Amino acid sequence: MKILLVNPNTTGAMTDSLSAVARAHTQPGTEIVTVTAERGVPYIANRVEAQIAGAQVLELVAANRDGVDAVIIGAFGDPGLPAARELFDIPVIGMAEAAMLTACMLGDRFSIVTFSVALKRWYLDCVAMYRLDGRCAGVRVPGAGFQSIAAVQHELEDDLVELANDAVANDDADSVLLAGAPLAGLAFRVAGRIPVPAVDPIAAAVRQAETLVGLGASQTLTGRAHRPPAKPTVGLDPNLADMIEHRDRPVGAR
Amino acid sequence: MKILLVNPNTTGAMTDSLSAVARAHTQPGTEIVTVTAERGVPYIANRVEAQIAGAQVLELVAANRDGVDAVIIGAFGDPGLPAARELFDIPVIGMAEAAMLTACMLGDRFSIVTFSVALKRWYLDCVAMYRLDGRCAGVRVPGAGFQSIAAVQHELEDDLVELANDAVANDDADSVLLAGAPLAGLAFRVAGRIPVPAVDPIAAAVRQAETLVGLGASQTLTGRAHRPPAKPTVGLDPNLADMIEHRDRPVGAR
Amino acid sequence: MKILLVNPNTTGAMTDSLSAVARAHTQPGTEIVTVTAERGVPYIANRVEAQIAGAQVLELVAANRDGVDAVIIGAFGDPGLPAARELFDIPVIGMAEAAMLTACMLGDRFSIVTFSVALKRWYLDCVAMYRLDGRCAGVRVPGAGFQSIAAVQHELEDDLVELANDAVANDDADSVLLAGAPLAGLAFRVAGRIPVPAVDPIAAAVRQAETLVGLGASQTLTGRAHRPPAKPTVGLDPNLADMIEHRDRPVGAR
Amino acid sequence: MKILLVNPNTTGAMTDSLSAVARAHTQPGTEIVTVTAERGVPYIANRVEAQIAGAQVLELVAANRDGVDAVIIGAFGDPGLPAARELFDIPVIGMAEAAMLTACMLGDRFSIVTFSVALKRWYLDCVAMYRLDGRCAGVRVPGAGFQSIAAVQHELEDDLVELANDAVANDDADSVLLAGAPLAGLAFRVAGRIPVPAVDPIAAAVRQAETLVGLGASQTLTGRAHRPPAKPTVGLDPNLADMIEHRDRPVGAR
Amino acid sequence: MKILLVNPNTTGAMTDSLSAVARAHTQPGTEIVTVTAERGVPYIANRVEAQIAGAQVLELVAANRDGVDAVIIGAFGDPGLPAARELFDIPVIGMAEAAMLTACMLGDRFSIVTFSVALKRWYLDCVAMYRLDGRCAGVRVPGAGFQSIAAVQHELEDDLVELANDAVANDDADSVLLAGAPLAGLAFRVAGRIPVPAVDPIAAAVRQAETLVGLGASQTLTGRAHRPPAKPTVGLDPNLADMIEHRDRPVGAR
Amino acid sequence: MKILLVNPNTTGAMTDSLSAVARAHTQPGTEIVTVTAERGVPYIANRVEAQIAGAQVLELVAANRDGVDAVIIGAFGDPGLPAARELFDIPVIGMAEAAMLTACMLGDRFSIVTFSVALKRWYLDCVAMYRLDGRCAGVRVPGAGFQSIAAVQHELEDDLVELANDAVANDDADSVLLAGAPLAGLAFRVAGRIPVPAVDPIAAAVRQAETLVGLGASQTLTGRAHRPPAKPTVGLDPNLADMIEHRDRPVGAR
């Protein structure tokens, strides 16, 4: 199976680290292909950036969907997820949603630990959108800042581990999500220092994408009631316009 | 005061009818200026189109914000509202939110009556986002189709009035929102045929925009905690990029 | 348009300060007339007093409704609001409800700041009754007491401003309601010292009353399903009895 | 123990039938004393009447509280309950609340069956106020009208039994409340024709009053945090004024 | 009437203390018979033990149901309650549920005070199962440990009283449940030291059992829709198997 | 990896069909071992049977846990899941929970389609326990009965497909769970006749078990805060007693 990992952040190095963790957790036979946003911000952190990035996600999937069995949106916060799930006939997975739902099988409540207070409200938007408020033990963020988004998971490693332990001790968390694309892989590295399961969102997303494809969802989404009817467009990205206008031209043929 | 009415639909005639109703309900001294999306779809009706339109809204406000005291997003469903409210230091009003909150002062529960089943889920997204599920008596849509979006409020007038009466009789509705930009003004025309207040969303939005400005909100939003810090961008619309990058260049000076 | 401002507190000076703020925020052509409760307590602060005051509100509106387009109940906590809204065929606005709903357009969550812990539970009753628990960031009250209800907004001004800042910094509030009739006007005076919009409840109530009348609600409430049928009464205030018994005698003609 | 049954309706015959059922379900040693409202309406059925009746309840309890161990408010809908519970240092029981909580011990969900559609919204207010929405399977009312409030439980007996059976069959109800003071005693008479427990609200209220007194609540309510402090009053009923002003004069000594 | 008090804990002394408090609160004519689990743990404290104990409860009731009018499950946490209520045609009362619902008549919110942190999550499961989250002000537990489960209510008396006072002062509790079978009777002993009603769960359970029987529930549960149909069993306790297989052999006749 | 599939029903043929579907959906390297309850009922369908079966599940896992990486409880309804998750240091998966959470990634709301009305309330208990009420579009059951539990998925195939289509058309379902162990494999067989993804619960459970093990949960559950401390037991199954008493004897060594 082929999974398209869309990084809506413009940072190519982030795509590389996400795909490295993703590939380490695929089943035999799963191929991960990636695409990185060319427009936008280096790291999406709020509603403004998520609004813009969500539209980008639609364009990137539309342009790269050939032969793809499932899509992963490579930003915790899942920009564009509801829209992409509505537009495309294949499973679309968000790192945040996949991590949260996976965590629900590990106990009553999960805690989200991330690296910047700027992300908190956007992450809570996700929790609310998925109606998981009753399962979330809160979002914890370090007081300290950091120098480099590329190195943040190393710079703040001790702080993040301490926050995870605080969440278990004080927030009654049964699992911890180490959230945000820049933390990809951290959960595996620090698992031994946290007394409950630490969920890695990109690894969870890969597994859930494989699960949905394995259950046959890629063949059965075409009849859903909420599939948008064809509509004319003006000035949109051509591939995205093709999707919205229900044109059958193959991707890239324009 | 100057209110910017952004129509994220690409249909100019819709901007005209919205602004006509809006202008009929302003206080003395209020000026309505309008802008219409140049890219997108003629009429936004689902999550896909709202995702794209929401990003457009940010660009259109960024480009037209000079001297503006408040912004109205001219599509019931409020594409881009949370992002715009986060990005700009002036009040941003959505037709859906304004109509719903206004209706809350007219009784326990409001009903939403609109002209196409395609809109239902998107509208319910709004209700949930504003956490007004407990105040909404449902969304009712006609079985019949229509020929022209421009004339839909006339074509389906009798059906919509009947649905409004059904909502009062069977759904325990205390007020009715006649929802969707193409229905602008209909509430006033059919008020005598509905036994409870019929709320016109664009008129409600204008009044609420004036209210927020009148209460001084345009001067006091600059210090809010969730104002995004400056961030570099790549390839975005220049005016929007200015906003995100916190550049002080006046609008249109690029 | 004529708006009746009912002060269910027995303190005439409070009526004066409420109406002064109200009049400063009306549109041209709006007239504010006032009436003050002759029976009751100087300042309503709990459920007991609200139960009594709510019945008073019905009497006062019944006696003073001639030519009135909308009613404002001049006590944050809105005593008698659901009953008055059921009984009378014109819009009835509460200071608490109007302020909360207005605040909902300024961000995700509002905080209520008031001057005495005695008010807290009653105010939370309001939040729950309007099903706005998910939008309220809490109620904050000063530890310090005060000498005079008439001067409380000056005595405690610094404390209240500090509480408002605490609500923003610690409770994630996007706006602050300076709540309680004795605080009328304070929001405008201290706006510069609070980093988010401070909502003045009486000003919000006036604007919302004008909005409902402007949208035509005063003409369309007569057909609502929950209008009580006529019923005999014994020993009630004559004007209120007239309303309940559906007698057509003009107000004051008895 | 002495229980004061306050009938906030002005119909003395209703007091008689309520107290007859009440007395049939007391324990040895329990005395029921009654008082009937002299002002108000013959039968309370909506928010307007409940607002007025609730204030009456406070006066009636204040005037008749000597030697009383607990109070029952004799109207399903519980007018004045939160206020009375705040003001008096003895347990105050509502027929609606007592019946609903009792029913919660008989299965997941109770249904409310009553005799007029006019009551429905007021009863649902109660369900919401007690936060029991998740336990209520709905309110069912007959289509047929009735001639006499005194005889309604006989006139509509077959309809009410059928509604109760419908609630079990279609609404998944585990118990049924036969609600409204005019239905006092009906639950016992028709128990054999309903396949689940039929709860009689006045009988439930008596038992719950005895339970609270038996558990010692009458001695332990004096220290509660939300007991209102003394406050001056103007023009109120003298006994009620005594309570609010914290005067120690015995009841009736004025 | 005859009430069967089932102690699902294996500690006989606990049965004795529970039944002593129970008997002190019965009405004339009520007989309490007891049975103690022979298998299980001395004191049930979590989901594992509650799962096992719940199955035991079914066996113990099945074996001892002859002539019984109602059943009380003698463990706060109510192991097996929903299953027992489904299986048996007589009222089944849990100490936790009875105490919580009783407390709901004493004010807006109750607090649960117990003696060990191990119990907290299980107790909150109960609150959620009964959908009373909105009425619960929290669970408070002492920091200190204890020597003997038999003496814990004496050992920790001062700590528990202090926690109850904390709950009133800081959690806005209107009543306090002194929860856990080992605390039976404590509420009565310390009532004078807590400013709000302290509810004793076993006493509340006895009163509620009497109430349900008094209202006739023991005769009317046979027709309920969710009564399980007969089903074959293998290897189960013979009395329980009889119940599930709908065999009519009298209890103990095997 | 080794997954223990516990069938708490006593029907061996059901174990065979569950394990056949399970094995068809494992990754390379995953081994499924099974155990079937020797005591209980042929097919668990309600709270009574789930209470008993849940205790059985604990015994069966305790006796068969050697070398096991994760456990699947092979009954939709997940008897014993919270207890097993508390007791054992490895992931425990329920068919109902796994299917519901998987379905959450396929759209807003899932519908549950099953073969008997007897199951409905138990299944809704699950939905509520996982706090997924807002994601569930309801439970649909056929009116028709069936001859044989072993053949029910063939007997009722057309009815079940029609119910699934009804759920999509009328309940706004985005996916359908074909629920109940006797329906194992049906989702794959009828996928082409249902316009949205049909989720097979046992296949979903296998995939989710593999996911949790793959994310490392089997190594990180030992430190969780809610792990029960050692406690003495009387008369329990020896392997279960070993677990509860924290004895280190290997399984089966007694």
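As written, the chain order gives the labels A, B, C, D, E and F, with residue 1 at the start of each chain.
Here is the rule we go by: contacts are C-beta pairs under 8 Å (C-beta built on N, C-alpha and C of every residue); 3 or more make two chains touch, one makes a residue touch a chain.
What you see is a predicted model; the values in this text were computed from it and never measured.
Think of each touching pair as a link: the shortest run of links from subunit C to subunit E has 2 of them. By residue number, over half of the contacts seen at B-C repeat in one listed pair from C-D, D-E or E-F, namely D-E. Averaging Cα coordinates per chain places subunit A and subunit D 54 Å apart. Centroids built from CA atoms put subunit F at 45 Å from subunit B. Centre to centre, using the average C-alpha position, subunit A and subunit F are separated by 27 Å. With touch defined as above, residues shared between interfaces to two or more other chains in subunit E number as follows: 121, 172, 226. If the chains shown are joined wherever they touch, the resulting network closes on itself as one ring, and no chain has more or fewer than two partners. The part of subunit A that touches subunit F in the complex is made up of residues 25, 27-28, 85, 91, 93, 97-98, 101-102, 104-107, 130-132, 134-135, 168-169, 172, 174, 187-188, 191, 194-200, 203-204, 207-208, 210-212, 214-217, 219-226. On the side of subunit F, the complex with subunit E involves touching residues 10, 38-43, 45-52, 54-55, 58, 80, 82-83, 86-87, 118, 121, 125, 129, 226, 228-229, 231-236, 240, 244.
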